[in-house]
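Both of the next two complexes hold chain A, though its partner changes from chain B to chain C.
Entry: the complex of A and B
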């Protein structure tokens, strides 16, 4: 006869083994998930960090009176001066084709930059002065090691002559890499070396602002009514099911809705952050309502009953006692919804925000694009230097997503009361 | 607390509502050109837009990439500030589209030819370059292929060798753009139809039964040998590197930028080079256009100046900055003719 209190069951070892197997399976799953995340983030950083640095070339520009007339600053040929400096540096380049390649070492922005400097510092004109110009994207990629120098000449975008010129300039200390501030302070450009994310960043900010001011008040009000005031019945059940379904609707559908209603019926301006924000608000509304209802439900009924017991009206009990306690949870839900909206491209496709926008939008009515759209556009460009830019823009986008989620976590930790 | 909260909410809501009403008002006067259309013309259009914005006092035009067909649809929707001024197209406007435009009050359209673009079939540099004819391309990629005189059969070919004994015995695997793309339209029209026409009886069919002719020549196979790889040409280039047996279909500018990893196949014995596309000897090349609404020219600031910038020698000329971006310029006399036509805002003639 076996005594189950004193003797081990023969199955016990099996059950322990099963538990250990399960734990190991779980650990392997976590390890795999982390490994994928690590590879993804690692490759983005590996590809993208280069974009935060930019190559500059120094040239001696002739600023004498013959070249730039101080009385007529607009009349000078700044592009010509840059070309002259390059010609003076490499006087033995004669053939037309080679000269064009030589002029291509510096970015097309050099002439504009020189002109701007001359207009700002007219007193310093005269003589010869050393200027640092932004190098072209090919030189930039070359200096960052993105071009196989050993390969056949016909196989690469940079010819042997260009390699020689760059090497000469580098030997004279005329090539430098500096932090690419312009990446954060300028808008999109077709020249990879000049492209920045400011216009996309501002466009995203405007859209999110509109999205927040529309979806947050509406979402909170809807949640309060549904949770605190509406009578429970088939009608509220139906609403609940529909809100949950809306949260699962693919975002492109909201884009189509925005196109049909906001653009075609209301005639709102195409490509504007106003419409973008409205579409994103439609998309985040269900998420915010669900989160806000959950936050309201987490407030214990005793709070409401106590308020009602000492004579508060249901409205007073809700707004004076329940809402302040539920607010951190509601804000967390809203921030998570906003973070999702920040990363969304599909609905913006339909309303014309997938566009080349060089100027920074000054209001919610001006054409704008958004960060994820900018990533998409750069990843789709033929110039190879844009791949680096796309990865750098992903880093910026990830940074904002992490910051928003951190705020949500801090809000929850600091302000939420547990009962 | 209750009253303060509601006031804040009320202010927020009214601010947004106010902004919406403001929006409809402010949209009336526009000082910024709006351009939409083809993703193939997009890099060129944006380059000109950017230079134009830097050089002049006007705002940088907004350029949207919607595809040729989608662009023309929006373009023809009407006249007014909420409608675009210019649409880019990687094919010529169709007469059905001109009619649709006219129905919506857009009677005067100015056509501008930008230049040429070659469509290349490329493979990885790790593999050998291919020597294809248009007939090979058609037989390898059509849904139905000719089976003797006047009859067809579903495409049975599995390897390039099945198509043409001179080709290698590699599996047919071609990645190309989806039907919404102008590149696909042009490829089907130039390469597929070109190969299709090489059969005399099919060519004769064109006159008798145009519908059946089109169905036979324009339908790509759907059994996995032709893979729709999406609009992103960079993705196709990357996939080619991973799979040396596959061919990819994309625009010349992507071949130009990635010459170290992919190579263009010879088609009818011609290599896809800048020169061959420019002089028309490379068979799969198309013209790129954009269309301007004449009614908008005086209403929206800067359209005339933008047209002048686009058609200047600096831009679409033989050694202009668009050539550096991969555009293949027209011959000099053609450029001159277009420049004059555009300057006079000559109406489109079909």
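Entry: the complex of A and C
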């Protein structure tokens, strides 16, 4: 009797096999997805982490009275002093073309840095002093191993002579890598070694702020009205279909709309975070409405019945009981929408937030750019060093996306009430 | 055998409690209810006497819950639902245009099939109704109302030391008694109960049934139930619905012992349902 109890029919064996096949297919799919993600993030980090460090070159600058007159700080030729120091370091460089290359070892920022120092510390002028200057982007890339020194000279941006100078300086301990704070504290620049993301970051923050304050209240109110108050019928069905379609409209279309309406019709300031935020709000609105409606729908009807059953008005029922329960879901949807807006480039290109902005925008009306646009701009630049910057900016962008999603998760955990 | 049991239960209440001339608080006249094209109730005319428990029985889908939800206009929430005819409570037609649904529902409370406390504290659950209706102006008044309501719902002993605990942590039976306390806290005239014990175990059910009997002193209660034993135990009047029609109504004892209609007899003896 026992073998009939445990007997396997061929049919049963097939079913088990199918189950195992399905599970393995699932595991392989997840593995592939993770592998691609790992490769992508890995390559970004591999390329980008270098940008968080930059190369400095030490030079002995003559600060004597002849060079800088303490009475006339503005009249001194700081660029000339830097050049003189380089010339003194490598006295055998005579040809004009070589000289120019030699001067190109340090960033054009060196003269400004020196002048700034002199103006801040006039008491310490005199004698010779060792200064650390930001190296040029070519030296920076070279020191980070981004240039194939074994290859033919004509194929690389750095000549054999420059290689020799850099090697000499390095041997004397005059080349150093330091953490690149300037990447976080300065705006964009034509010089890769001076470029930072602050202006783009602030531009993104302003835009998101505008976007949030426009789309969140409007989206939540629209969702509450549609879900809790409006009569269901063909009209509400039509609205729902349109909102869903709107969520799928390519974002560049919203950019065109912003260009035509906000800029050309209303005459709002071009390239400003105000308009950027408005365009992003248009784009985020359907996402927020859909998420908020789903959150409202997830509140059990028994809660509404309970409230209405003891004589609460529909408004009281919604705001006292339904909304608190739906809030975590609504906020999550809003933050996910915001995260999407943060990564959006195309609509911002249309309204002119693609301009070269070196200054940090002080208000929502000033010209600004945004993080993804900055990445786009840097990735598009011919200088090798900008590639690294682009990857680093992507890391910063990913960091903020992860933070926003974490906030969403924490909020959901905090506010979730069981019912 | 079940039939015999019901008979004796009904008899225990005593026939004197249910008198044909009990004054009617609610009177429905020729009520039709439609869900879109479908007619759910056909010409219901029913008088519900004051300070009595009236049970609505009948097979699933017979319209008893629909009728119950007409009495506090809970059906208004369903867009496609249409109610015709007249329902008067204390002489006022509740479907008249000047009637405010919110104040109607304060007069006609409801307890639902599944316990549905708000996901807030026990105190907040009971206090919410009096607060939105402005029944208690001072905090001490509110506390008094909450305590009285919980006492009347027979829950005070069990929760008096943890009023600030979440209501959802209570057991199913306690939650349902909390819902009853919440309903009576706004001092309604009528309490509608839609299968209040269907999600509860027998002990919790017995608790609620005792409670219903006590509440009858102060409120008029209409209860929908699937359990004929329950109808026999708690109610003085019974109405039997079948396929959207009110087949028969009268004193519980009479319905269970000498039904006039063949369908009623078939149902209470378990042949249809």
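Keep this in mind: the second predicted complex is superposed on the first by the 411 of 419 C-alpha atoms of A that agree within 3 Å, B and C clash if a C-alpha of one lies under 4 Å from a C-alpha of the other, contacts with A are read in each partner's own complex, and residues count from 1 in each chain.
Everything below uses one rule, namely that a contact is a pair of C-beta atoms (placed from the backbone, for glycine too) under 8 Å apart; a residue touches a chain by one contact, two chains touch by 3 or more.
Source: prediction; values computed, not measured.
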Label the relationship between chain B and chain C on chain A in the superposed model as either fit or clash.
fit
Kindly classify A:305 by the partners it touches after superposition: chain B alone (first), chain C alone (second), both, or neither?
second
Does chain A have more residues touched by chain B or by chain C?
B
Pick one for A:320: touches chain B only (first), chain C only (second), both, or neither.
both
For chain A as apex, the angle formed with chain B and chain C - C-alpha centres, to the nearest 10 degrees:
130
According to the stated criteria, A:364 is in contact with first (chain B), second (chain C), both, or neither; which is it?
first
Which superposed partner A:94 touches (first chain B, second chain C, both, neither):
neither
Touch test for A:413: chain B only (first), chain C only (second), both, or neither?
neither
Per the contact definition in the header, classify A:11: touching chain B only (first), chain C only (second), both, or neither.
neither
Quick one: is A:231 in contact with chain B, with chain C, with both, or with neither? Answer first, second, both or neither.
second
Should A:381 be classified as contacting the first partner (chain B), the second (chain C), both, or neither?
first
Minimum Cα separation, chain C to chain B, after superposition on A (Å):
13
Identify the residues of chain A that lie in both the chain B contact region and the chain C contact region.
316, 320
So in the complex, which bits of chain A are touching chain B?
100, 104, 108, 112, 147-148, 151, 154-157, 189-191, 210, 213-214, 217, 221, 263, 266-272, 274, 315-316, 319-320, 323-324, 352, 354-359, 364-367, 377, 379-384, 387
In the complex, chain B residues that touch chain A
1-2, 5, 9, 12-13, 15-16, 19-20, 22-24, 26-27, 32, 34, 36, 39, 42-43, 45-47, 49-51, 53-54, 59-60, 62-66, 82, 125, 231-234, 253-254, 256-260, 319, 321, 324-326
Contact residues on chain A for chain C in the complex?
231-233, 300, 302-313, 316, 320-321, 325, 417-419
Which part of chain C faces chain A closely enough to touch in the complex?
72, 74, 77, 79, 102-106, 109-110, 112, 114, 116-119, 128-129, 132-133, 166, 168, 179, 182-183, 185-186
